[in-house]
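Letters A, B, C, D, E and F name the chains as they come in the text, with residue numbers starting at 1 for each one.
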Amino acid sequence: MAILAGQLANLKNGAPFQIVVMIKQAEVRVAKNGKRFISLIFQDRSGEISGMYWDAKDEDIQHFASGAIVHLEGQRDLYNGQPQVKITKLFLADSNEGFQTSQFVAQAPMSSAQMQDEIQKAMFDIQNAKWNRIVRFLLQKYQNAFYEHPAAKSNHHDFTGGLAFHTLSMMRLAKAISQQYSQINYSLLLAGTILHDLGKTIELSGAVGTEYTVPGNLIGHIVLIDEQIVLACQALKISEADEDVLLLRHMVLAHHGLLEYGSPERPKLLEAEVLHYIDEIDASINMISKALNKTEPGSFSERVFGLDNRQFYRPKD
Amino acid sequence: MAILAGQLANLKNGAPFQIVVMIKQAEVRVAKNGKRFISLIFQDRSGEISGMYWDAKDEDIQHFASGAIVHLEGQRDLYNGQPQVKITKLFLADSNEGFQTSQFVAQAPMSSAQMQDEIQKAMFDIQNAKWNRIVRFLLQKYQNAFYEHPAAKSNHHDFTGGLAFHTLSMMRLAKAISQQYSQINYSLLLAGTILHDLGKTIELSGAVGTEYTVPGNLIGHIVLIDEQIVLACQALKISEADEDVLLLRHMVLAHHGLLEYGSPERPKLLEAEVLHYIDEIDASINMISKALNKTEPGSFSERVFGLDNRQFYRPKD
Amino acid sequence: MAILAGQLANLKNGAPFQIVVMIKQAEVRVAKNGKRFISLIFQDRSGEISGMYWDAKDEDIQHFASGAIVHLEGQRDLYNGQPQVKITKLFLADSNEGFQTSQFVAQAPMSSAQMQDEIQKAMFDIQNAKWNRIVRFLLQKYQNAFYEHPAAKSNHHDFTGGLAFHTLSMMRLAKAISQQYSQINYSLLLAGTILHDLGKTIELSGAVGTEYTVPGNLIGHIVLIDEQIVLACQALKISEADEDVLLLRHMVLAHHGLLEYGSPERPKLLEAEVLHYIDEIDASINMISKALNKTEPGSFSERVFGLDNRQFYRPKD
Amino acid sequence: MAILAGQLANLKNGAPFQIVVMIKQAEVRVAKNGKRFISLIFQDRSGEISGMYWDAKDEDIQHFASGAIVHLEGQRDLYNGQPQVKITKLFLADSNEGFQTSQFVAQAPMSSAQMQDEIQKAMFDIQNAKWNRIVRFLLQKYQNAFYEHPAAKSNHHDFTGGLAFHTLSMMRLAKAISQQYSQINYSLLLAGTILHDLGKTIELSGAVGTEYTVPGNLIGHIVLIDEQIVLACQALKISEADEDVLLLRHMVLAHHGLLEYGSPERPKLLEAEVLHYIDEIDASINMISKALNKTEPGSFSERVFGLDNRQFYRPKD
Amino acid sequence: MAILAGQLANLKNGAPFQIVVMIKQAEVRVAKNGKRFISLIFQDRSGEISGMYWDAKDEDIQHFASGAIVHLEGQRDLYNGQPQVKITKLFLADSNEGFQTSQFVAQAPMSSAQMQDEIQKAMFDIQNAKWNRIVRFLLQKYQNAFYEHPAAKSNHHDFTGGLAFHTLSMMRLAKAISQQYSQINYSLLLAGTILHDLGKTIELSGAVGTEYTVPGNLIGHIVLIDEQIVLACQALKISEADEDVLLLRHMVLAHHGLLEYGSPERPKLLEAEVLHYIDEIDASINMISKALNKTEPGSFSERVFGLDNRQFYRPKD
Amino acid sequence: MAILAGQLANLKNGAPFQIVVMIKQAEVRVAKNGKRFISLIFQDRSGEISGMYWDAKDEDIQHFASGAIVHLEGQRDLYNGQPQVKITKLFLADSNEGFQTSQFVAQAPMSSAQMQDEIQKAMFDIQNAKWNRIVRFLLQKYQNAFYEHPAAKSNHHDFTGGLAFHTLSMMRLAKAISQQYSQINYSLLLAGTILHDLGKTIELSGAVGTEYTVPGNLIGHIVLIDEQIVLACQALKISEADEDVLLLRHMVLAHHGLLEYGSPERPKLLEAEVLHYIDEIDASINMISKALNKTEPGSFSERVFGLDNRQFYRPKD
């Protein structure tokens, strides 16, 4: 029985296995016999699985925490239709083994380099010089985080590179729609699309163990990136009162569509309305597809939190 | 000064003119001096303008009613920023002159034949035989009205052929989005798109003087077309309990997205969610563009009823 | 100690008993000592009680599933005010014993034959020939399910025959109200009342282990019966565009009263408004009475889910 | 041409007439020629009609005020589908003629004596002595106003005796429903029904020119009658903390059903829930019937303010 | 190791202790091994802590109930960041020891006498004789409960004397605001402030184990005190229809600000609007401060139920 | 009859007058006789009055526009309870006469110098150096507009200096409340109070003929001032990521309290919650007082738009 890395999605029920995984979440609880146990979620790039570690000692609790890379031996079981690991053995991977966190985290379906390439090329389509310079300035400033961060803590595109991939998908939608409706200012829509969620690089802590930062909690990603546009203008000697700059700020501020969703203004530009829609489309398709991937044909998915807890049907093949 | 047909959009302030137009709306009122006058809205293909006809006699009231084609002499003035006609002379066109209602009504930017051609070609992309047969059956049944009716009484695509043009625009969006997201069942999305508003051929009275019919008021276009799908199944010997038929009915029933908007079910299929979005996008772009066309650069449009009474900004050129 | 069938409601605290019951619900869980147990709800016609089956083996899990008829020995205890069975012994009833599911399921207070009789007689009051024929046609088509199904999965009239009993109660209300207000078209109100929930025969799976069907989930009982009215018209050679038919469809479509509650149209007929009210009255009285039956005089009931989670007071005797 | 009293409903278009009516509403306005005119609404028991009185002098404005009884000569015309009087002559009736306001005001379809009789008889059905005494005490205290007042300023039962007639209709519904559902405490439902709107005798100014009083505006009819129950208890030597008294107060306080509609508590008794429903049913039927009476068969009514501005359809005969 | 009373807030993690506390809440549960345990919350004036009592026998369940005063030996531990007691020994305090419930209950930061003194002095500022007499009458009638009761069951000021302390804090706000805005009738605002929550002496059962009473549930504290004002008027020979009395009743009835929050009328007096605001300010500051006291600097508090489940940030020191 | 300036509030009904006023609003309309007239609103510091100017010629329309200072001769009349001017003579004031716009506009009850003095002194209470420097920097940058602008276009404090006066009133409330609740960080509350509406100097066009600017419409005053805080930090070499700066930005961003009211974040600091309340209190008191000033004792005010269209009662004297 060889040691495998990254194959959680391929485990078979009942068959014993021996793999290397990362601990995604660890909660210590007290069992009814008074002893402590740890409720664990393991992850690798292919998926997740939960399991209980019984009779936890102090050093177990210290070792088996969120982010730890571990050797896991056990067997996959089904209780009430939900897969669980029955843990036989669990111990920390040695640092000599050379495993790295990034090996165990879900990732965008394109590489960072591929995304960077496509986005860079698209930027030539922003023909307004002010918008082009501001977008290039901010994309450079937050470049590393932009290609690393997820697009959300848990709802949609919650994987490494998710922020850039979500942005890229929306850029493709923006192009297709602008080609169909000639009255849309494609430069403005494209600039707004690239910047719309860039504030999440400040709002969220990163790709692993994603949490809201204090600025994220107190200011929010919408205003955080709006402020950065204004600072960029100053660095680039563009007046922040210039109408083109106002339009770009409005695009970013209004992209959640409704005040109740955190936008301080509702869309008042044709392009701001379209930006709101393509954001919703790409996020919805991602959330529904993620839920349907875990659903058997002919049955309904679990409830999707980000879509009003609706359940979606996966038709029979 | 020659008689012109169809040039309301080109009138200049202060210059006298002599044209032929259709009366779109006529309301009789009593002036404060006790005499009656008619508040009129004239239209031709290029636009609309309002005017007052003073001291109306019984036969005037009879003649100058909605739908009448008239010779209009007068002068375009601006009162409080709104254009009005100061009427000098108004009389009915003679039936010998050969004018027809259709010459004075706004129309889709494509001819009925062009739309029919593009839609027929697209239908080959519906690869599921049941959906293909049902769609062809219903499109044939309502063919005349489908290429004549507006998509709404007043909100969006409120012109001759508007229903078909709105449908066609959505079909193009459906294709572009399906190409980007391979998990979408394009056949289902396309079939749902073509049928989604077809019930408006029963709900609305027609292209001129559009009103809700009694079935439109009591049943609504969503259920009206769903019923027709069921009847089509019976005619085509397809079981209405077949899952493919359920999927198609759900597409139509859920396309308003929210119960509050009249859908008896919220979308529970990936394709139903996408159908709802492309309907909203195409309708919104049409409404905003219509409002911005009447707005000066650097100012805000009038309030758009169908979009929560928001005003939209037309940037400076 | 004799074996009793159907007396859950009469158990006394602390006294040992030996009865035959049906398992209504069975959930397998993992205890903190790593062993599995089954959380069970037992039912007979007189009521329900819960209990835990510890140290469950594979074959126990297989046997003690929803729908199984079992011999149950144990003792009724109270923990935190809620009755529970402390299970001493549990084993499957033998098929020779001749027990049937229907013996253990709650039922309407009238027999199916009695209800059928009263409903058939009332149908003579539908004086409009078209409504009369449509109602007879559909009642015959769904006759078996109509007198078997519950009126809802869990909220109100959730027992065998509940759908017919709820309908019958409403018919009595319809008659009393029509006698008081002569402007009501009693024929229309009666026809709408009989059909209003008939779609639940398609929407719900049946009287035992009631679940939503796929058509129930994707189309909903309101539209399902509306479609059947249209098909009935075709079978009976009545035009579906006939105003009388429109009125009847509207009755059914609007009976939930508000768009938010799933009606695609709000009531636009006097009779449709009244139908909505009598549906609410009968359902509310049923839900409140069910909750108060389980409540001590001088105290408040548990929260009633179908009535905005309100609690109701049972006055002192 | 004789002078007629009370025949507004029978006027024919175009035929001159000479009748005696009461002025229901009078608004002075300035015409565009700088002269004043009075916009009038005339009423008698059979209905209402509007008309303009041009070139009004100071004494006209003084005479032709709300409540004045006048001789009206003129002709009924239709402008835009709405009936109007073209006034030929208008002068005050002489006090010798002996007309009285009450002759010109719409009234309940039963006489005050008939209603009083039926209500007195029903009171024997309140078998609880405390409720019976409280109800008798308060009905006596507010007797005159109770049989005079309308049930509302404009929405429903807005005629002389409307409050008592609305109460009586609800009492009949309460009886029919209590007979069908034996779990209802009929005494409690009946007592609550009789008192539920009695506070309107304090809230509203009276049957003619009905306005909200200051107590009506600051306290509201729901709390006003609740306070009177407490005072009645003191007069009758019943403890206000007695549970039976609490139940009766709750009936009255909760009868609007929702906090948003002004009830400080939602219904928490079965009887309180039923009271809310029969109030809504009787008010709705009254409002819809009033609107449909003014509607041609085959068309939709005007919007009904008290029912969310819905329009109702009057089927073809 | 001496026995300590009232020092829950000062326990250190890991150090053994021996103290006297009161049981605030006790819930019996069944452990997965089939044995019963008691989930306990202990309290003294300084705070609260939870703990589990394993293998509970019948007499333990009887003894260790809500309200019991006990000797508690054990050690404070942290599980998942929440403090818990690991119980070593637990036994009832002997009645000879002379402990009293009131010694273990959280209390207002001022003594009852101090509050009484300040409130009595303030009452001289109510210059209107009718308001002054009514307030004095009712404060005397409910004096004991007023200085004992909490202001709410759990949200804000949920400690002995909380009702009087909340009222006193609002009186100070009322004074400061009246000094700044001379248009406010300070007498009216003060009288309304003192009475606004006095109905809670009837609505809630008391300071320990606070529950809603039946009158509290069926009538609510707002109407309960309004009724008492009316009864006070009768006792004091003041007409309840006097405008000054109407104003005072309106102050009390409208103080929740919105119908949805249980006020039968929205504020219609300047002073009623201000009363609503100072109620909200004092309650909010109390709830936020309570949550922040339990929060580490630089982190977010738990969710505050009474403030829409918001979390509040405690800045770094 | 001498020419008076600024006494609109003192005109008597029926008495002829001759005064100098400013035109606040001018709308050209077409009379039913085909001639144009101007519907005018005149203002001076003491109040407003409306009037009609008949038979307007082109040069009248040009002269009598918003902002013009005019000699007005006429007589005050009452039509339907509303005061109007019957215009006898109207002509432009000559520029030699030396009238200035500022003489005719309503103003704060304190002079600009007095307010400046009080605000400057209060600033010493901001003990945190970063907040103190940022507030001073921005107050200086927008000093002129801050002491000139109204606080809103029409709702509350809609007069010259209204923005500064509203801010000052809130500062006084902030001080009183901070003195009562020692847990409030007064420096933070004060800094937030001073800046909270400063963005209105960019959002609104000025004190006369106040309109929303394009930045006001597209960005809104909340974000506009937040951006200025960030720019101020850069000018002052303070890191915008500093926690103190985050706190101050949050104060400003959250001050509308609810997302629906345009705040992109709800209050998450004790001080932010308090800031929201004192903003509401001061605005509400101002709006109610303005309405009651125009109301007779013993009657209800007109509806107040900014307070959900409520009417307020002015008690009898």
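A few notes on this one:
Quick note on the criterion: contacts are C-beta pairs under 8 Å (C-beta built on N, C-alpha and C of every residue); 3 or more make two chains touch, one makes a residue touch a chain.
Just so we're on the same page, UniProt names per chain: A, B, C, D, E, F = 3-to-5 exonuclease.
Treat the numbers as computed from the prediction; the structure is a model and nothing was measured.
Touch-path distance (fewest steps) from chain B (3-to-5 exonuclease) to chain F (3-to-5 exonuclease) is 1.
Between chain A (3-to-5 exonuclease) and chain D (3-to-5 exonuclease), the centres computed from C-alpha atoms are 61 Å apart. With centres set at the average Cα position, the gap from chain B (3-to-5 exonuclease) to chain D (3-to-5 exonuclease) is 44 Å. Note: centroid distance chain E (3-to-5 exonuclease) to chain F (3-to-5 exonuclease), computed from Cα atoms, is 41 Å. Looking at chain E (3-to-5 exonuclease), residues 31-33, 214, 217-218, 243, 247, 268-269, 300, 313 sit in touch with two or more other chains. Across the whole structure, chains are in contact as follows: A-B, A-C, A-E, A-F, B-C, B-D, B-F, C-D, C-E, D-E, D-F, E-F.
Chain D (3-to-5 exonuclease) contributes residues 169, 172-173, 176-177, 180-181, 183-185, 243, 247, 266-270, 273-274, 277, 280-281, 284-285, 288-289, 292, 300, 307-308, 310-313, 315-316 to its touches with chain C (3-to-5 exonuclease) in the complex.
Contact residues on chain A (3-to-5 exonuclease) toward chain F (3-to-5 exonuclease) in their complex (touch as defined above): 214-215, 217-220, 222-223, 226-227, 230-231, 234, 240-241, 243, 246-247, 249-250, 253, 259-265, 268-269.
On the chain F (3-to-5 exonuclease) side of its complex with chain D (3-to-5 exonuclease), the touching residues are 31-33, 37, 52, 54, 79-80, 84, 298, 300, 313. Residues 27-34, 36, 214, 217-218 of chain E (3-to-5 exonuclease) are the ones that touch chain C (3-to-5 exonuclease) when the two sit in their complex.
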